[in-house]
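These notes open a run of structures that come right after.
Here chain A shows up in two complexes: once beside chain B, once beside chain C.
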Partner chain A sequence: MGVTLSIEDLQVIYKTPDGTIPAVRGVSLELSESEILGVVGESGSGKSTLAFAIAGLLPKNAIVKARKFIILNNDALSSPNVFNKLRGSGVFMVFQDPFSSLNPLLTIRDQLAEAYVTKVKQSKGVKVGIGDVDDEELVEYLKRVNIPDPQITLYKYPHQLSGGQIQRVMIAMALILEPRILLADEPTTALDVLTQIQVLQELKRLVDEIKTSIIFITHDIALASAIGDRLAVMYGGLLMEVGNTEDVIREPMHPYTQGLIASIPSKSKYEGLLNEIKGIYVPTNLNECPFAPRCPYVRDDCKNSLPELRRVSNRFVRCHLYG
Partner chain B sequence: MTLEVTVRRRRGWADVVIRLLKKPDVAFGLVIVALFYAWSMVEGVLQVVGALLNNPALGWALLPYNPFQPHLSQSLQPPSILHIMGTDDLGRDILSRVLYAAPYDALISLVVVGGGILIGGFIGMVAGFYGGGVEEFNMWLTDLFLAFPALILAMVIEATFGHGYIYAMIAMIVVWWPSYARLFRAETIRVRSMKYIDAALLSGLSRLEIIRRHIIRPALITILPYATLDLGNVILFYSMLSFLGLGQQPPLPEWGSMVALGLEYFPRWWWYSIMPGLVILIIAVATALVGDGLRDVIGGEERWV
Partner chain C sequence: MDKDFLVIEHVVKTFQARRRTITDLILRRRVPLIYAVNDVSLRLDKGRVLTLLGETGSGKTTLGRLIVGLEKPDSGKILIDGEEVSYVGSREYIKSKLRGKLQIVFQDPASSLDPYMTVKDIVAEPLTKLGISKRDVIGAVRNALELVGLDSSFLNRRPTELSGGQRQRVAIARAIITNPELIVLDEPTSALDASIQAQILNLLIKLQRDLGLTYVFITHDARVAKFVSDYIAVMYLGRVVEYGPAHEILNKPLHPYTQALLSAIPEVGRRGLPKIIGGEVPSAINIPKGCPFWPRCPYTMDKCRVELPKEVHINNRTIMCHLYS
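For the complex of A and B:
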């Protein structure tokens, strides 16, 4: 199995009129073919910025730094054109908000055909008009993601579809493009629980059928553990814990991971209040542990030095408790 | 079990027109606007052909009277069956003169709005799509033109370069494009932030294709209602220029200059200025109604249910 993505010490800083904001503060990741990595974190933890950095879709005011940033054997640090080269078959993304993922003025057919045409152009070097794409071909893709009445859906406009259906159309688009890396940025956040599971299953099928690797980004650790082979927990722009999903869920090591798992609602209201992680995220100094203000086990050294991401038994943890 | 499901393949323009006609006020406006432009086309073609064949009479072949022939015995007749809008100080039929002048207003409204969309669209879309220094410069230029009161700027341009129909047209395009530049920039920025632009980038479409397929159309469609409404504004503005003597030069009739000339005979011979003024008002209101209706119909198309 090949390595599709290899990042070392990736930093993304946003320049704003009020100063700079470090959104990602040094993330190292490696992703293999057909692997699903769940990235969990709350709002502002930098998980979406990480995804957009990998897709090369960061806004102009973002500065990207890294020791190593290799996507599909291309060095993304060498020039910004690397991302242009990857477009069409390298990286694809399924977005959080299904209702802005498709152009409201074009039918589903036209948008799938658009992807189909660029794919044909890239793989076979043949130019096909968007109007000339065979409908039956596109219907096949919709069938593969279990869209009901695909012939009819093909000629619908995005507003006539539900959020779950749109996400499935996006996955169908991924099936057409066959990207080596698929970034799923909270694709199920806007969906109800049953649709969530269906979309997860379509994503898993994608791995089986086109051997893509998926980075599944979510704030829901239960969801991430349902799909991910490995789990990465992010907080304050840093990876806090990375390991196999089984290990991390069974025996979370980092206090933040423990808090996340403890706060999964599992009790009825007669058994007492839900667990929560106290406090809210506040930006900290760069030389202290970002979770220190909320950590139940906080010690003096947490406020004076930022712990390293260290190997502890079967995983990596960033915490002074495991020094 | 078979279920009959019909899917409309396209919401075409026919559909938009049908929905416009369902609202009585918009239908009224649409009929007026359609009549105005249809008549202008017929009359305009006749005038051009007449000029080419050296037979200007063709220009008033369809009119009740010759709009240039004075009948001093008939001067300042009130509206009647013979002269629906009355006659002017030289006894010329006002209705004929109004109808003869229509193509000039129709043409200038289309050219000025079209020119505004072309120039403003280019400057605004480039600014919105590329951002940074390009945007700064384009918007600085736009603001520079917007800083002058439109009428004064148009008057200055005409005073510098010359009077007449063509000069009025040029002056008005210069005055008109900045508001379109702003609209197009705002629309481009809005559409650019949509995730489907990102998705299109990732699927390998080139920037040019993205602008062509995903930006021009939505931007144009949101601006279309405003542009329709703007046709009336152009006619009003052009009438204003002619009122001030900066438009069509006599003896050619023009709505605004007819109002201006008629004011000397106001209020006793009120129809001289009121009748052309009424025509300007009706056309302006009609375009505003259609523009408003279009915004409801097309605007709803893009919004999510």
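For the complex of A and C:
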């Protein structure tokens, strides 16, 4: 199995008028072909920033540093132009907000055709005009993502579609481009439960048919565990726990992961209240465990030193409880 | 009157699919109608939680808005504590004894709270609208904030300075300050992070018990429904297709749509994706003839394509499906 993505000590810092904000604080990841990595975290955890960094779509005030940042055998640190070459059939991203992901001035047809043209150009080196793309070909892709009346939808504009439909158009675009790495940032939060499963099935098909690697970002650990081979739990810009899905779910080690799993509603109110993680996310000092203010097992050393991400039996955990 | 505290009788609510244009007038053309809520009848006792469970377009939010009087039904009526709910824009509303007794909490606190107002003014507003002077409400505001777990340091803050969970607490404080009898909660936790969702659900259930509130809880998430509900009404394209005690519906769903909805929930520890029905909710303008669910139903019979199923009562449950008639 080939390695598609290899990151060591990735840091993303946002420069703002009020100072710098470290959004990703040293993330190391390796992703293989056909692998789905579920990234779980809440607002402020840095999970979206991580995806934007891999897609090369960070805003101008972001500073990226890394020891190693290799995407599909390209050194992403060498020049920002690397991303222009990769984006499309190399790296593709489905965004959280469906209403800002398509161009409002172009029909669905033209935007899908553009993806088609990009694919042909990147894979065969042949240039085709957007007008030359066969509608029937595009309709086939819309059918695969279950868009109703695909012939009609093809000539609609984004504002005429629902959030769920746009999200599926984005997935159709991914099916056209057949990317090696797909970054899916909460792609199903705007969708109904049944459509959500349909979209996940299509993503899974990309993995099975063309060995795409997927980074699936969500705040729902149950959803991540349904689709991910491995789970990476993020908090405060740091990886807190990384391991095989089964291991992490069966025996979560980090108190935050434990809290996330325990707080999923799974019982009736007559069986007692839900387990909750206390408090809210607040940025902490850099030499402190970011979860310390909410952790039920907090000790003195949690507030004085940031724990390392250490190997503990079958996974990696960042917590003073383990070493 | 604790039994049948909330009575919904054959309520229908339609919307025009688009605005009527001058061409429509000249051609005497009718604008197509969307049946958001289509002949819904439900009953609920006082102090209970009824969940409206369904997907986008099922009519659950419209029904919630009808219950608090934010919409006016085309036909049918809604009674709370024996009194008919009047539309908030109507003349009867001012005199209604239900005024202030019905509240609603919306899905997204970022857009439901006025960003220019302070927390104090937001929470006090329902009381000042009832004619109570600003000076007299501060005690009630503090009390309501305390009930939702916010101390007095929040009084002079504005919504933009708060996190999603804190904003939703403010929205809840605003809802309980008038001592309401019934609160409609429209997806109150779906915009929140997973770690905050449990906090807010626990808070809502504690308040419901302590204050003896009746809730109409709107959600698409069966996991949330399992925790909060006493009764569940499953909605599909404006109709209630299954209604009954929550534990019975969740343990043994009878309607094929309820079965499909419940099977699509990701569970921790269950690897792989659940098998689900295909298709998508048809548009509410072109509701299929016969049973609205037949194009997606795995058990479709000839009868389903032509005839709307009648409501059938099985034990404590009401089901709209030809399989049981």
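To be clear about the criterion, the second predicted complex is superposed on the first by the 323 of 323 C-alpha atoms of A that agree within 3 Å, B and C clash if a C-alpha of one lies under 4 Å from a C-alpha of the other, contacts with A are read in each partner's own complex, and residues count from 1 in each chain.
One rule holds for everything that comes next: contacts are C-beta pairs under 8 Å (C-beta built on N, C-alpha and C of every residue); 3 or more make two chains touch, one makes a residue touch a chain.
Owing to the predicted nature of the structure, the values given are computational and were not obtained by experimental measurement.
Overlaying the two complexes via chain A leaves chain B and chain C side by side, clear of any clash.
Once chain A of one complex is fitted onto chain A of the other, the partner contacts of A:I264 are limited to chain C, with no touch recorded for chain B. Within the superposed three-chain model, A:E114 lies in touch with chain B and out of touch with chain C [touch as defined at top].
Using the contact criterion defined above for the overlaid structures, shared-chain residue A:F92 touches chain B, although it does not reach chain C.
Of the two partner chains placed by the overlay, neither chain B nor chain C lies in contact with A:S79. In the superposition on chain A, contact of A:S305 is made with neither chain B nor chain C.
Of the two partner chains, chain B is the only one that A:Q122 touches; chain C does not reach it. Of the two partner chains, chain B is the only one that A:N103 touches; chain C does not reach it.
With both structures placed on the common chain, the touch criterion links A:Q201 to chain C but leaves chain B unconnected. By the document's definition of touching, neither partner reaches A:S313: not chain B, not chain C.
Here's the short version: in the overlay, chain B gets within 5 Å of chain C at its closest Cα pair. Chain A makes touch with chain B in their complex at residues 55, 57, 60, 87-89, 91-93, 95, 97, 99-107, 111, 114-115, 118-119, 121-122, 149, 152, 155-157, 159, 170, 173, 177, 179.
The touching residues of chain C, counted against chain A in their complex, run 55-56, 163-166, 193-199, 201-202, 205-206, 220-224, 226-229, 246-247, 260-261, 264-274, 276-282.
Only residues 5, 7, 9, 11, 131-132, 194-196, 198-205, 213-214, 217-218, 221, 301-305 of chain B touch chain A when the two sit together in their complex.
Against chain C, the residues of chain A that register as touching in their complex are 42-43, 146, 148, 162, 164, 192-198, 200-201, 204, 219-223, 225-227, 245-246, 249-250, 259-261, 263-269, 273-278, 280-281.
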